[in-house]
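Note that the chains take the letters A, B, C and D in the order they are written out, and that residue 1 is the start of every chain.
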Amino acid sequence: MLQGFSLPLSPLGKANLVGAPPWHYSGDAIALEFWTEPGAAAATLPPGLTPDPHSNGRAIALFVDWQYTGANNELLEPARYQSREFYVLLDAYWENTPVYWTPYVYVDNDSSMARGWIQGYPKRLGSIFQTRTFAAPGPAAAPIAPGTKFGASLSVHGQRLANGRLTLQQEQADVSGALGRSAINRRYFPSLSGGQHSCPIVDELVMPVNDDLTVIDLWSGDAELELPKAIGEELHELAPKKMGTGYRFSMSCSIIGLTVLQDLKK
Amino acid sequence: MLQGFSLPLSPLGKANLVGAPPWHYSGDAIALEFWTEPGAAAATLPPGLTPDPHSNGRAIALFVDWQYTGANNELLEPARYQSREFYVLLDAYWENTPVYWTPYVYVDNDSSMARGWIQGYPKRLGSIFQTRTFAAPGPAAAPIAPGTKFGASLSVHGQRLANGRLTLQQEQADVSGALGRSAINRRYFPSLSGGQHSCPIVDELVMPVNDDLTVIDLWSGDAELELPKAIGEELHELAPKKMGTGYRFSMSCSIIGLTVLQDLKK
Amino acid sequence: MLQGFSLPLSPLGKANLVGAPPWHYSGDAIALEFWTEPGAAAATLPPGLTPDPHSNGRAIALFVDWQYTGANNELLEPARYQSREFYVLLDAYWENTPVYWTPYVYVDNDSSMARGWIQGYPKRLGSIFQTRTFAAPGPAAAPIAPGTKFGASLSVHGQRLANGRLTLQQEQADVSGALGRSAINRRYFPSLSGGQHSCPIVDELVMPVNDDLTVIDLWSGDAELELPKAIGEELHELAPKKMGTGYRFSMSCSIIGLTVLQDLKK
Amino acid sequence: MLQGFSLPLSPLGKANLVGAPPWHYSGDAIALEFWTEPGAAAATLPPGLTPDPHSNGRAIALFVDWQYTGANNELLEPARYQSREFYVLLDAYWENTPVYWTPYVYVDNDSSMARGWIQGYPKRLGSIFQTRTFAAPGPAAAPIAPGTKFGASLSVHGQRLANGRLTLQQEQADVSGALGRSAINRRYFPSLSGGQHSCPIVDELVMPVNDDLTVIDLWSGDAELELPKAIGEELHELAPKKMGTGYRFSMSCSIIGLTVLQDLKK
């Protein structure tokens, strides 16, 4: 009897890329608010989502260092389960509800990439780095304090797709600027049968079910972001027209499942 | 209107991890035939496949350096589209037809990994290397000639999962020992809705539709293979009991689509 | 006029792999004390060092996540300057002084590797990971608290060379068990002229000059360590016979220069 | 008695990053001739070299897939010893002799990087890819034939530093356009003692001693090259003003040692 949650199913259930949820995360994030061309943002929306009429073009670029664990102490095998992530959240509406849409997301780990696909995050592989804060003081420590600068970058197949920078100003009580909405994703799995290449076998608008989202140590400050033009990519179509606030925070959550909102197949 | 074959769908259709087929490949392969414990091989088979009664336990470990292209000269962006692959083929039966089953497969590229999932190959990421043959003569050239040795390895998250070696003996006319059957795969995409974690939304037995499979420059020789025990992996459960013939060859093919043989969902 | 501290020297002095000291570091460390075969430890000592008669065979395996900066805000380019490191310290004597000797050290970054060579650390490239502690609570956070487990690993060219584990027990005041001695290194640069291959042009016993070494948040606990046998490596010759105490701490320091203790050339 | 040619010296001599020469190579190269601003080229020359008065500003960008072996069948461990390389050759004069100077060179392997330093090549790490030619025909094969296009790229720490392209036109008898001169390098190893940071302990103008340089299957064609501007790099200062001929060839050689031409220390 084969076991496992995802491929490869196997006799012992150890080899699968992703075990069954819940999936637990804790991480450090740099979030950079910006405004892009409203038309460029709207052009990325899937059926069922519409631009946010109050903030069309508002976006957040997030760089996160994640630690992941499932039910088997996965955090003790960091070579397999730690990961770094970059993603963009765009303001949008689902029916009359303000939500986030994620047009692009990159991670540096295959397990994270697969969890993303299963949740409807369109993850590809990339190299993501952010300045870390370390406890031992000195010029390399980047303490959480006014004036400290953090750099962050995303590269994909050797092309730099994002350069971010945050200069901390003050501790901040309100996380709603950085993480104030629910995410809506599109689960999508293509058909490969003849004549069906544009008829996906899975095409659903979904909402992740999180448990215990915790955000702590939230600071705000000055944000800078470049999304340089790159061959074979479209992230740069969302290049900032104007920057908003930058944030640095720690967050944890558990993913339990998802809710299917709409079947997009004809 | 969003474009693309796989996630991420995007306004211009450039950002997707995988474009629509046909997918064209040319590569150099080292194939090492071996026999594993028949029960261990049988334990990996999906519903619908049965052990080959004549050769249960026969397997082939393949290391391939691939070049890929789609319709847009992808081979001119080798940083994004070249890839290396390791996979195991097991002899099996589908109804009364001898076929190959692929329990485990590793690649070093996200585009290749996604193409695999769409075809039902359970691809994960790994680091794969093989000794290459170079045209300019000398001690480092590894010419296609009797006595030349080729090394090959697979590592996953920093654990060595396979060490292979081939010593060429002679040119060989018959490829059936290395690639004589059709592959049968299992397309599988999990549900993440509450209570549905063991009820995949896609679970199909499928057969890839290849076009123009060409195998040339086929040589045979002595094969060696180790599949060392590794944490969180099951490949070593298929460790060789006995080695068969080793092969080195070049091959090309185009993937056009697939045929669904059976829906495995209840 | 070419500028720079190391190769490549260049017109603007930006391209060099390593800028001039001081070099500033802040990092998080997992240190696992163990005893290896005294003869195996002694066999790695360079001329000028002798086994510690009181603790011959005592060693510490260190896994460190480092952030580095020089004079130009290098910490804001983490893709180039963050690094992870594994090294072994062995108890030894230089004249009548207890010191540490570093027979093997691995990093994941070329700039760190070059700084190592210049200081006499015999750095090679590897993949190093440790469980991190994150501020946001939950199953993936690994808080600094009694009972928390940390995993750590070193892989080199796809072979796992070290698996470590630490289970925290208590906060600890005394760092001398983990970092109580000065390091003595061997700066070594080969000749490549005909007939001179065993006559290095640089061969010096040196002591790094540190400034401001700070160790904070020191905890101790149970240590586990495996150094599995690997092809083309010798780290496993130092495999533990007995484990000592494990430590987790944060540290920072600045490298200003070094003192040459002895010229080992004939 | 410690053994080995380079660090780390070790009891068995297996762990060293680089074994003693001879070092044998075989590889496939794409070479793109171009002219840069003469002043930019001249600004990279070390003491002892002067611009070539007849071709100041002429340069060649080389992308090479290398296989390496020493005396111990290193080519059978491709995960450790295969490597890819990018370098720039500039026309220069040493006394009255036309030579090549290598201002920048990148490889993807620590052993290759260390061999470079020992020879005076200022190697850093990068990711280098070139379209390969495969034997099995089809759209992904890139055969050696008129009209075939080859792409090539260099990325360093996630920044794209070079994009090259070659379109084959004809087989070519004369390699002198691509590899017609001897290379002159600068062996350089810094001091780290206080007050000596600009007084290297090794600073020599050297000429590698090659044996058996073989170039075969030489084709020429149209060359394209971009050297995009990148943070913390200077390669783009040599951006092409005009392209020359492009070449694709296979080459092998053995490095036996080197000849010291001049000691540059004061």
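Annotations for the structure displayed:
Note that in this section a contact is a pair of C-beta atoms (placed from the backbone, for glycine too) under 8 Å apart; a residue touches a chain by one contact, two chains touch by 3 or more.
Since the structure is predicted, the reported quantities are computational estimates derived from the model, not experimental observations.
Any chain bridging chain A and chain D, meaning touching each of them, is among B, C; the list is complete.
The chain with its CA mean position farthest from that of chain C is B. Per-chain CA centroids place chain C at a distance of 30 Å from chain D. Note: centroid distance chain B to chain C, computed from Cα atoms, is 39 Å.
In this assembly, the C-alpha centroid of chain B lies 34 Å from the C-alpha centroid of chain D. Multi-chain contact residues of chain C, defined as those touching 2 or more other chains: 77, 79, 127, 129, 153, 155, 157-158, 231. Judged by the touch criterion defined above, the protein chains are all mutually in contact, each touching every other. By the touch criterion given at the top, residues 24-28, 65-69, 73, 75-79, 82, 127, 129-132, 134-142, 149-153, 155, 165, 212, 214-217, 250-254 of chain D touch chain B in their complex.
Those residues of chain B that touch chain C in the shared complex are 127, 129, 153-155, 157-160, 163, 230-231. On the chain B side of its complex with chain A, the touching residues are 2, 5-12, 14-15, 17-18, 20-21, 40, 43-44, 46, 77, 79-80, 103-105, 110, 113, 117-119, 122-125, 157-158, 186-190, 192-194, 196-198, 201-202, 206, 209, 231-235, 237, 256-260.
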